[in-house]
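Each of the two complexes below includes subunit A, the first together with subunit B, the second together with subunit C.
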Partner chain A sequence: MASLEEKIEETRRLGLQVVKETEEDRLMTLSVGPQHPGSGHFRFTVKVDGDYIVYCDPDPGYVHRGEEKMCEYRNIIQNIPHLERPVIHDSTNVTYSYSLAVEELMGIEVPRRGQFIRAIASELNRQVYTLYWLAIYGIFLGHSTMFMWPAGDRELFIDLLERLTGARVTHAFNIPGGVRNDMPEGFKQKCLEHINYYEKRLKEYEDIFYNNPLFRQRTEGVAPLSKEDAIKLGVTGSVLRASGVPYDIRKVEPYDVYNEIDFKVQYMKTGDSFARSYVPFLDMKESCHIVRRLLDKMPESGEVRTKLQPNPKGPPGESYKRVESGRGALGYHIVSDGTPKPYRVKISVGSFRNMLALPFLLVGQKLADMPAVYWSLNYWPVEADR
Partner chain B sequence: MSNDSKEESKKKATKASAKSPANSNSNPPSQENAAPPAETKPAPAKQEVKPSAEPAAAEKKEEPKPAPAAKPAAPPAPPAVAKPPAAAAPPPKKEPEPPAFEKGLAQQITIRFGDVVKVLYIKPRRIKIMTDPGNLVEVATFLRDNMGFDHAESASGTDYPKDNQIEVDYHLGSYSHDDLLAHIMVLATRTNRDDARIPSLINVYKSVEYHERETYEMLGVYFDGHPRNDRFLLPEDWADIPPLRKDFRIKGR
Partner chain C sequence: MNTASGFIKAIESGSKHLIIKRFTFRYPEQKLKFVGDGYQFDPKRGVGIAGYRGRHILFHDKCTGCSLCSIACEGIAEAIGMVKVDENWKQNKKSIMPQIDYGKCVFCGLCVDACPFYALFMTDDYELSSFTKEHLIYTPQQLEVKPKYQGDVEIIIDDRGATHG
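This part shows the complex of A and B:
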């Protein structure tokens, strides 16, 4: 085994190009996905030497829909409903940074109440995504309770968002200039009730899942990502924060009203699979506080949206805006040539960036740890493919 | 030409010094706290140590006393003689006053590279610079080693058939320098559309690996030195032109 460990050390030291295999015939090639339930619509090839993974090659693209090309054929407002398709569970955040980028391009100011409603909707939506992710993570580590509970509690937030936006999953709620609708009567009260209940549930999650010795055995110390490597690979979101870099777009580059909200950036230092799965959980806890503060500070009445002219167009130029989504920084680079349709839209998504860490982390791990590593990356294949 | 530009740069300097109190107030607090350590950091490149230290000194002096700052700010201008007019021309339209910190960053680059790098815009927390493909790696290495941009967030290509060019924009960010956390440096380069080929930045920024691969297949830009210019998101049997080029049309549109 010593030689194998040396080999792993060597491949790690060499960075991303990890195939350094002399005894090819010892290896077995396995294809994971795209139909495999454990990977989503995503395929990657691994080569195993006995029980150990020595090579990994991601092969995304099974759900590539050409979102960026589609953007060039629709005008700025028409783009919103299809842009949220890559991550329907986090659709408010996906359209949030798009709206911010368009607003910067056109110089639109969003009314204050609109900014608060946006932030609340995106916080709730991030919960929806994270719960969905947690449910899948749970079931793939064989913990079926952890599938049922988050999948059930997710309904709370879906109901809230349905009240707020009128749709359960794909809201198309954020638009350049503000949000589509004002907050309905009694929403604040209902939201606080849900959040209070949900915080109790989070404690139970912690007991049954994160403090579960089996879960900890399977994740602690598995595939650690050091701070230097995390920075070098340019990973983002919970993967980055688990490796000891307290980087949250809401904090470092606050958009809309986040600079008025007092909250802590949650991060850990170990960088193993456990930290990567625990940081989103800490984020969910913190997010409850953020929602409360947002509800407190929100102006009681006022406009929620700056009306745009029909078929709006901005001056030629470009903008790059980011928000913190459930999977990390989500940036839009929009180039405009002065027509109502964007000239080029590039979506820089967290999943695509975190995918780079997958081959890096999997090499040297046991095959049985693959789900624990893969899902800890907070990876959403549809988003990566766009 | 040189007289004009000198005058302009002087004007710019005096402007900056006049505005500096307002600017320093409007700066986010994190910049003020953390600016000194990054800028006083010794630059590895031997010849450039002096000039790159100058703007830092100028900036620091600006805060307490606006008036004397005009003198230290003037010397760095001559090496950048060709560029300030171009850089200063767009801002008055959109951004009346480019923020001081971003200006300092842009100045560091123009001092080091002079004509080789064009500063296209300076907006709050966003700077875009343009260079030739030949100098791309050198500029990127400078951004990484001397300015602290340690990762790439994305690389996005844009097709400009009218100019017969393709532009590739690298969005560089920093995780390790507190004063740069919110900043994005856009490093742009343009290549000929018919033979699109630029050097890969993979040896400078590992994080561009997949972004460059995507740009290769979506826009047909070949990245010299990248280990895998091949299919990534598109189907394996894709036999059409790269889809993000403007002459690729979606069916029915």
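This part shows the complex of A and C:
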């Protein structure tokens, strides 16, 4: 093979004009997505200079469903099934936040046992979501065992939630005023049994995935996000905690019974892809302890739900409440004009805020590191588009 | 961590699973067991009874044709329609009962919460697939039938791991 200089010399000798390539010509624009080559229903264009990404332009909106507008045409209870559709894997946390906002608006008190049950359901659902995310993260780094194991172990928690709520994925369990049904017989034993087994499995996850030198080499030091940048960009959840900010809504703005539960906020200081993928794992571990403590402190019997009027309507006003979901802060801002249907519902999701960090993180990285950065953001396209 | 020991540990933890019984189960030869007889609701206490939310069951002797289930479904899936039935019940003067389209139903169970007469509950039956859309529409007569669903496996955890058995 002749070198470039030799080729140019050859061209000159033949009497042809040599066109020097400009900076723009060297760059190649690639479109990633939206047909799921590891991006979900989300598209972004990257410009690459050889192997390195020099520019990234996210283009969300492919799965916009108009959830916020739909809320204005349904009453408060009818809103529950469609609101959990954007993130069906984390459906309990979505309706949790919505219920809290409606309760604040209407001034409803939730019975103590009801508060514990929905906190337990929320923690179990966090496991389901994080395991699903971990499975995808594993497969896009080429680790197919890490796809199979979490996808299988998810079944442990789906089974528990199925006993508790009656549905495997879309639970529609939280309702303004509490939860829809009491715990079935023997749920506590079953829950502890599954969690004890699951904690043993988490040790195996660490051996095969997180402490695996192959995984570490692909993620350590990739796309670090500093503490200051993380705060400036407004990222939330595990991405923020990975950059060294111990910020968790369960600790900062405790809702329901979380102020009685003693737990640690899990965070790391490096802020690279490894930290962003390891913090959700630490959260899963901590979540197991939280479920145990919740089960210990839960009252043995009592009401679980405050009965509402058939077509509940609140006084005119507004409320905002947020919870810590699998992807960070998830808030609902509800404005009511005194009718059964909300006047306006605004959903503030963690996914969208984490996505904003993507253009900053991808620049300067190799194209092959793109999945390691993209999935570490804990981003769920359907939730971001709403 | 040392690179070599990291690899050895990863391979060790993976190869352990060659001798452990697998977690998956053989559907449809085996089927999952559920707790209870499906989701029910107690309107007096205003609280549901835990159970799987599958196909509905309609008790003709209790349904009054009030169409509250249909109203509850209006903004959700619009799967419930009220139809005329050739039955004479004392409590059901209009002789109308719900008909459910399972092509639309999302199994949220809010229609069960809306029923004040213990007439509409849910069952364990989730195997509702059919070749045509018309077969997914269940008439009040079809909804009256108790499902034959029988699950036999559930998750069993012992020292050697978790299996469906």
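Please note the rule applied: the second predicted complex is superposed on the first by the 364 of 386 C-alpha atoms of A that agree within 3 Å, B and C clash if a C-alpha of one lies under 4 Å from a C-alpha of the other, contacts with A are read in each partner's own complex, and residues count from 1 in each chain.
The rule is simple: a contact is a pair of C-beta atoms (placed from the backbone, for glycine too) under 8 Å apart; a residue touches a chain by one contact, two chains touch by 3 or more.
The structure presented is a predicted model; accordingly, all values stated were derived computationally and were not measured.
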For the three-chain model obtained by superposing on subunit A, do subunit B and subunit C clash or fit? fit
Taking the superposition on A as described, I'd like to know which of subunit B and subunit C A:Arg26 touches: first, second, both or neither. neither
With both complexes overlaid on chain A, does A:Gly234 touch subunit B (first), subunit C (second), both or neither? first
Using the touch definition from the top, say if A:Gln78 reaches subunit B (first), subunit C (second), both or neither. second
Looking at A:Glu68 after the superposition, I want to know if it touches subunit B, subunit C, both of them or none. Which is it: first, second, both, neither? first
Applying the touch criterion given at the start, work out whether A:Val245 contacts subunit B, subunit C, both or neither, answering first, second, both or neither. first
In the overlaid three-chain picture, which partner chain does A:Glu253 touch, first (subunit B) or second (subunit C), both, or neither? first
Can A:Lys264 be said to touch subunit B (first), subunit C (second), both, or neither? neither
In the overlay, answer first, second, both or neither for which of subunit B and subunit C A:His194 touches. second
So if I take every C-alpha atom in subunit B and every one in subunit C after superposing, what is the smallest distance between them in Å? 10
Looking at subunit A, which of its residues have contacts with both subunit B and subunit C? 73
Can you name the residues of subunit A that touch subunit C in the complex? 73-75, 77-82, 145, 152-153, 155-156, 159, 162-167, 170, 172, 180-185, 193-194, 197, 204, 207-209, 211-213, 216, 303-305, 307
Interfacial residue positions of subunit A with respect to subunit B in the complex: 15-17, 60-61, 64, 66, 68-70, 73, 230-234, 236, 240, 245, 247, 252-253, 315, 317-320, 322, 329, 331, 333, 335, 343-344, 346, 348, 352-353, 355-356, 385-386
Listed in rising order, the residues of subunit B that touch subunit A in the complex are 30, 94, 125-126, 128, 150-154, 156, 158-159, 169, 171, 175-176, 181-182, 184, 186, 205-207, 209-211, 214, 218, 227, 231-235, 243-244, 248, 250, 253
Residue set of subunit C touching subunit A in the complex reads 1, 3, 6-7, 9-10, 12-14, 16, 23-24, 34-36, 38-39, 46-53, 72, 74-77, 106-110, 113, 122, 154-155, 157, 161-162
